[in-house]
Amino acid sequence: MRRERGLKRIGIADTTFARFDMAAAAADELKKQGGGFTIVRYTVPGIKDLPAACTILFDEQRCDIVLALGMVGRQPVDKDCALIADTGLQLVQVHAGKHILGVMVHEDEAKDEAELAFLFDRRTREHAVNCYDLLFRPEALRKRAGTGQREGFADAGPVRVK
Amino acid sequence: MRRERGLKRIGIADTTFARFDMAAAAADELKKQGGGFTIVRYTVPGIKDLPAACTILFDEQRCDIVLALGMVGRQPVDKDCALIADTGLQLVQVHAGKHILGVMVHEDEAKDEAELAFLFDRRTREHAVNCYDLLFRPEALRKRAGTGQREGFADAGPVRVK
Amino acid sequence: MRRERGLKRIGIADTTFARFDMAAAAADELKKQGGGFTIVRYTVPGIKDLPAACTILFDEQRCDIVLALGMVGRQPVDKDCALIADTGLQLVQVHAGKHILGVMVHEDEAKDEAELAFLFDRRTREHAVNCYDLLFRPEALRKRAGTGQREGFADAGPVRVK
Amino acid sequence: MRRERGLKRIGIADTTFARFDMAAAAADELKKQGGGFTIVRYTVPGIKDLPAACTILFDEQRCDIVLALGMVGRQPVDKDCALIADTGLQLVQVHAGKHILGVMVHEDEAKDEAELAFLFDRRTREHAVNCYDLLFRPEALRKRAGTGQREGFADAGPVRVK
Amino acid sequence: MRRERGLKRIGIADTTFARFDMAAAAADELKKQGGGFTIVRYTVPGIKDLPAACTILFDEQRCDIVLALGMVGRQPVDKDCALIADTGLQLVQVHAGKHILGVMVHEDEAKDEAELAFLFDRRTREHAVNCYDLLFRPEALRKRAGTGQREGFADAGPVRVK
C-alpha cells in the first residue's frame, strides 16, 4: 500500500443492507469540501459488521478517520443491532484513538420513500462535512459548538431565551 | 496444526442449542463458492459461548474469519442472551481485527417449523456467501452496497424514488 | 500452588446469594464424567462478583475453564444484575481466551420450591457435562450441534420438517 | 506513599450524590472484623465516577480490593446511570484482576426515610463483612455458598424442599 | 505542544448538537475556582463522538481530566445515544486511568427554554467545581460525601432521620 505524502486517509465503510448508496454521497461531498485526502472504501453486509471494518481501516489501511454509514430497519431486532453496532464503534474508537463518525438512518424516521432518500443523502453529506472539519477545520466545529446543529432534518438552533 | 500454504482458514462456530444443523449448510455453501480455504469447526452449548469460541478460533486456530451460527429462542431471557452474545462478538472482532459474521435466527421469525427450517438454511447460506466475498471477492460486496440486501427472507431493495 | 502433571484445572465459582449449593452438584457431576482434572473453588457474594472471580481463577489459579454458577432473583434490579454479570463474563472470556460456562437459574423460572431445586440441580449438572465435553470430548458437543439441546428442562429437539 | 508491611489496602470509594455517609459505616464495620488492613478513601460526585476512582485506587494507590458505595435515585435516568456505573465497574475489575464490591442502595427500595437510613447502614456493613471475608476469610464465604444471603433486608435462605 | 511547568491540563469537550455554549460556562467557572491549570478545547458533532475526543485529549493532549459536555434530545434514539456515549466514556476512563466528568443535560428535564438555559448553565458550573475539586481540592469532595448533592436543580440533602 502506497501512502501519498501528506495526504490524510479517510475510510468510508458502508453496508449492503442499506437502501441507499451512502458512500457515493459521502465521497462526493468530501471532495466538494477541498483536497488533502484519499478515500479508502470498505463494504460489509450489515451495521454489526462496521466495527470490524473500521478496525481494519485503522490498523491495516492506516486511516485517520472513518465514516461508518448504515441503515437501521423498522423491527425491534434492528434497534438492538444499532445498539450493538454503536457499542462496537465505541470500542474501536477508544482502541484506535481516532474518530468514527457513525451515520445511521433509521428507516422509520421518514414518512415516505422520497423523504427517506432525501434523509440518506442530506445526513450523509452533513456528516461528511463534519468529517472534513474534524480533520482539517476544527475551528469550524468549535464555531458551531452549542448551536443545536442537526444532520439531516432542520437544525434545532440554540436555546431561545428572551 | 498444519497450515496449508496459501489457504485461508474459515472458522465455523455453532451451538447445540440451535434446532438446525447450520454448520452443515454453511460448509456446503462455502464449498459451492470456490476454493482457497479450509474450514475449522467448533461447537459450543449456546450463543453466549460463541465469543470465547471465536477468540480461540482466531488466537489458537489462526482463522481469518469466523461464521458464528446460532438460534435465539422465544423467551425474553433469550433476547437478553442475544444482546450479550453480540456484545461479546464485537469485543472479539475489535480484539482480533477480523470479521465474525454473526448468523442469528430468531425462533419467532418464522410462522411454522417448515418456514423456520427454510430460514435457517437460507440465511446461513447467504451469509456464507458474504463470508466468502469478504475474504475473496470484496468487489462483489461493494457492488451490492446500498441495495437493501437481506439474508433469509426477500431483499428490501434500494429506496424507490420516481 | 502445585500443578499436578497433565491435569486440567476446572474453576467453580459460586455465590452466597444463590439458594442452592450449585457447586456441590457441579463437582459431583464432573467427577461422574471421568478424570483428568482438579477443581478450584471460589465463592463470592453475588453474580456481579463472578467475573472478577473468573479473572482470578484464570490469571492466578491458571484454570483452563470455569463454571460460573449463580441465581437471578425476581426483581427487575436482579435482571439488570444478570445483564451486567453476563457482560463481565464476556469481557473475561475474551481477555483470557478461555470458556466460562455461565449457569444462571432465574428464581421465577420454576413454579414452586421443589421445581426450583430440581432446576438448580439439573441445569448445573447438564452444564457440568458441557464443561467436561469442552475440555475432553469436543466431538460429543459436535455430535449434538443443531439438535435443540436445553439445560434444565426438556430439550427442544431439532426443527420438525415432514 | 508508604506501604505498611504486610497490610492489605482496602479502597473505599463513595459519592457526594448519596444521601448517607456510607463510607463511615463501611470503615467502622471493617474495623470491627479485625485488623491487617489500611483504608484508602476517595470521594467522587456520582456513581458514574466510581469506576475511574476504582481504577486509580488499584493502579495508583495499589489497593487490593475496593468497596464502591453509591445511591441510585428514583428517576429512569438514575437507573441508566446505575447500569453504566456497573458496566464500568466490570471493566475495571477485569482490567485489574481484583474485586470491587459494588454497594448500591436504590432510593425507592425503602418505604420512608428511616428505613432508607437503616438500609444504607445495614447493606454497607454486610458488604464490608463480605469485603473482609474475600481478603482474609474466603472459607467463611464458601460456608455461606448457596444459602440465599441478602445484604440489607432479610436473607432469602436456601430453597425449602420437604 | 508546550507544557507549562506544574500546570494541570483540563480538557473541555463539547458538541455542535447541544443548544447552549456549555464550554464557555465551564471555562468561566473553572477560572473562578482558582489557578494552576490550562484548558484544552475540543468540539465534536454529537455526544457519541465525545469518547473519542476524550481519548485524544488524554493520549495526545496529555490532559489530566476532561469535562465532557453534551445535550440529550427528546427522542428515544437520543436516549440510546446517551447510553452509548456513557458506555464509551467508561471505556476511556478505565483505559486512561483518569476522570471524565460527563455533564449531560436532557432536553426534557426543563419545562421551558428559560429553565433549560438555566439548567445548562448551572449544571455545567457545578460540575466545573467538581472537576476543580477532583484535581486540587479532594478534601472538599470528601466533606460533601453522602450529603445528597445534585448538579443543576436543588440538592436532595442527606436522609432525614429524627
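Note that the chains are named A, B, C, D and E in the order they appear, and that numbering of residues resets to 1 at the start of each chain.
Rule of thumb we're sticking to: contacts are C-beta pairs under 8 Å (C-beta built on N, C-alpha and C of every residue); 3 or more make two chains touch, one makes a residue touch a chain.
Treat the numbers as computed from the prediction; the structure is a model and nothing was measured.
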item	value
Fewest touching-chain hops separating chain C from chain E	2
Number of steps on the shortest touching-chain route linking chain A and chain E	1
Equivalent interface positions on chain C and chain D, same or different at half	different
Centre-of-Cα separation between chain D and chain B, whole angstrom	41
Chain B and chain C: spacing of chain centres that average the CA atoms, whole Å	25
Chain D: positions in contact with at least two other chains	83, 87, 91
Overall pattern in which the protein chains touch one another (line/ring/star/complete/other)	ring
Residues of chain C that touch chain D when the two form their complex	14-24, 41-45, 48-49, 51-53, 55-56, 59-60, 73, 77, 80-81, 83-84, 87-88, 91-92, 95, 113-114, 116-117, 120
Residues of chain C defined as touching chain B within the complex	79, 82-83, 86-87, 89-91, 93-94, 97-102, 106, 127, 130, 134, 138, 141-142, 144-151, 156-162
